[in-house]
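Each chain carries a letter (A, B, C and D) given by its place in the written order, and its residues are counted from 1.
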């Protein structure tokens, strides 16, 4: 993963991501309730919580997949609440999905190529990419970074689960991401694959922040600086990994007995 | 790779053998192609038309002047495009000498247009009744031995005013060319005789719910002129009757036809006595008509109780063709020259009277003013009340004067 | 004024007929995401079968029952023999229904021919009823209105109060959830298809009595159902009622006040609905 | 409806190239071995129907959007040519043919884009219903409008121009004209498959939400796909009216609309060539089914063939062919 080299200077907000009173309802169901949160540029944070606590909904609200029904979202000082999803992506926001959302009938190369194309110019080009197309080289670099260079021409549906997760991350890293939202990237991975994943995350350039939803605390707490715990669509606790681990409420309610 | 080549060679060989035209232009066979609507909502009409063709051919025992007749059929779906396609297939693939058809007005114009491009084939209209098929830009090889929609209504307008005393009328008709033609034929006479049109309802073809039209019909009228076909007519009539309507009706040509009269359901006593105009009538009291009906019934026990105007039209056209072929002894040489000359001059005896052709090869024929009557067994039929002899396409008007009336349309004639 | 009220009444009664046809269509769509383009053929077949039964027994009521039962069984067979093997393949199911409708149309033409059929409606329903202002109105059309209300209420009670009904509603809202709750999905689908097809057959008799039956009616009612359901919102029975109301009124007002382009109005309503509310008036966002 | 069992995506192979060359040579030679009827009525008709179906294959196969309004787009182009140019009802404006054709294609393409803009609000099965309803609405409009579109009768006397002494409506020239236009459209569609736009369409087909999360404006891409498809269909529409010499509401009714869907599906949506395979089969059936089974039940045959194909080979004849090849080919790994 090459650093794009662009200096990341921001006017206005000191934060990469600011949520102010974000809420999301589905009919009568309140999935997110008045969530506020500040994430620094380059910050790495975990979001924990039981199933149905609203973690994925939070991601969906941030990326615009299911836009919030109340509240504001600011990305590097720009209000993106009303922006369509693709506009948010083009501003440097990236995400992965809990269940891999890949193009199953296309090859790995095409998947990565599309990821590169999505955030660069010429998305509507009617021409086939020539050998000199920078996206081709970027595609191959990315494949190396996520260890998929061997299977570049394989159709995605033929990949192993682990490879699909790697591809998922590779696609999220295309272009010049500034903040990644990783939705349980380690789910279903073997122990060895998890180790790989962690080293991959730790090897990201320092200006790229991420928010990770992770059930496995051992994974999460090793790669993040801050932790947010959600419950019933609200932010329940925030703090550093050690604060969270020592918080009695958290221990009692969320972490349970097994973590002490 | 070799396999691919092999497959392709086989395909090519197959294609070549298929593509070779059927080259049996053998002596002793005359090929006739017939087309009618054998699919979709109008299939029943087309089927009866085909019965007319087959009946005529049976009478000639599929032989004319010692030559066998081979019949090719093609179906259309009542659209001009499909008629053109069907005609092309018959002419260019089956290589027929003669085409009989089509059934509906716009189809007729399309086939006439096509006839212009195929001078080596002679075309006989089926029962299509659009005016422009022969009135404007006629094709030298297209012959129509049946009337058009205007001719069909000859005399009905005068009859309705003078005999029935209907002075104020509304028209309910389908919103397309045949109905325009039919309404025009009726109104030309009706308005001349002093009748007034209070309102014209043009209803989209295929409309089934007439309740609102029924409600819109004003009370101070003497009668309703209805030019609807098939199930549209049945729907209008039963809804009008059910809603308590009691104004008498005047029927368009296809409204008072076996295709409507023989529909299944509550008998429409309301229809009895309805005057209409057509080129035929169910109870003609001539030997040739009775013979035609008897033979139709014998040949097609599953057909209508009495031949419909569609069977009649196709029959007359086929008979015209076969009679002329007999006269020229099957000689179709020199682009059917002798055959066509004979056709132009023929005085054809048909079940409904003598038919001659005008200079545009359009029929001059007897037309009938009919009224609906009921047989003892409850079957409805059209009864002749008056014969209008030898009606030509311009209803006796000067051709120039008639052409000046302009093409048919929603508001032609104005009838002020 | 009289014309205006008459047109409203005519629109209402036509809407009632459309609702009968479209409710089955929307139910099947909502639960199974199966766009049954043979729905119009089921309507027509139900009418023909019902006609034969009514002729044979001399009873209109038995004819209506016959139309319902025969088509319900056919629907069940279609679901069990064909559609259950292609669940989730929306496009393929739709194509199969197109194939079925082409074949059914030709078979019906072969069996019943092309003549127009009309039912002998019971004497009690024949003729007119006295009403204020407009004086008289066709009794049978008022009867259709009544039937539609009854069927609508029955459907509502069935969907709202019975266990199977609740499962069906759950399936409309979220198909995956239905499977996750351990319900026998095949059985729910079979029930829905049976009811949906049966309603089409029943509507065939009711509609064939108000208007008539002839080849081509299959397509007409299919299109009406499509537009009604698109406008009302796919999968929603209430939406079908609302859509039918709009389309029925639009058609009759078009015919009364602007016959030339009357037939186009329904499609304009549809396009407008789509432009501002793609999921239909009462539909949920897909 | 798509995809093969092949795990590795391969590029264009030598065999593919050879096949294309062979077929193309055959198509060039064809009018010299076929009668005029087979040249135009079967050959050119298949090419043109295939071209309109190709626009659907492009939309459905690449973009996953099954639009039933492609015939309406073709009809829009046809009608525009008829109204602007010369027709036998004296209602034409008498423009020179080139101007009429260019404007027709522009208008029809805009019309197709508009249809796209309306229908991309919805996906999958909803698209079928909405485009079907639009198609029928357009049909009714054309049927009822007499001022411009001449209502039920439509227009006749539509002919391709005579250029350079060649009457382009003569069988052989018209066949080559159709072949040339179709060949360009076909290769453009094949080329687009691997273009950035084509790939992004396939991505949208597989997973539109993910495409959005990669920064693609899914809606815009979809609408553009409709534009491209409309461009193809409108060329097909112009050729169609030159073939038939006429256009009327019947040319754009529900029958032709379903026919195009049948053609595309019978052939197979997996590859652009499927549209033409389907068109050849359909044209043959349409012309000869009545001879094959002498009765009046030939629609039954067409319906049965269609049903059998969608029931047993979801990928159409193309899929059947691929299955057959896998079956007969020796196991290589």
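The working rule: a contact is a pair of C-beta atoms (placed from the backbone, for glycine too) under 8 Å apart; a residue touches a chain by one contact, two chains touch by 3 or more.
The structure presented is a predicted model; accordingly, all values stated were derived computationally and were not measured.
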item	value
Remotest chain, subunit A as reference, centres from CA atoms	B
Chain occupying the middle, per Cα centroid	D
Subunit B and subunit C: spacing of chain centres that average the CA atoms, whole Å	36
Rounded Å distance, subunit A centre to subunit C centre (Cα mean)	47
Where subunit C and subunit D are represented by their mean Cα positions, the distance between them in whole Å	32
Overlap residues in subunit D, where contacts from two or more other chains coincide	140, 144, 296, 299
Residue numbers of subunit C (touch at least two other chains)	106, 260, 263
Two or more partner chains touched - positions in subunit B	39-40, 43, 47, 175, 204
Topology of the chain contact graph, where touching chains are joined (line, ring, star, complete, other)	other
Touch relationships between chains, expressed as pairs	A-D, B-C, B-D, C-D
Complex contacts: residues of subunit C adjacent to subunit B	2-3, 6-7, 10, 13-14, 51, 106, 109, 113-120, 126-128, 134, 136-138, 140-141, 210-217, 220, 251-252, 255-256, 259-260, 262-263
Subunit D residues touching subunit A - in the complex, by the definition given at the top	2-3, 6-10, 191-192, 194-197, 199-200, 202-203, 205-207, 209-218, 220-221, 224
In the complex, subunit B residues that touch subunit D	1, 4-5, 8, 11-12, 15-16, 18-21, 38-40, 43, 47, 73-75, 77-82, 84-85, 88-89, 92-93, 106, 109-110, 113-114, 137, 175-177, 204-205, 409-410
Residue ranges of subunit A in contact with subunit D within the complex	63, 65, 84-86, 89-90, 94-95, 97, 101-107, 109-111, 113-115, 117-119, 122-129, 153-155, 158, 171, 174-175
Contact footprint of subunit D on subunit C as seen in their complex	29, 33, 35, 82, 89-92, 94-96, 98-100, 102-103, 105-107, 110, 219, 223, 226-227, 229-230, 234, 260-261, 263-264, 266-268, 270-271, 274-275, 278-279, 286
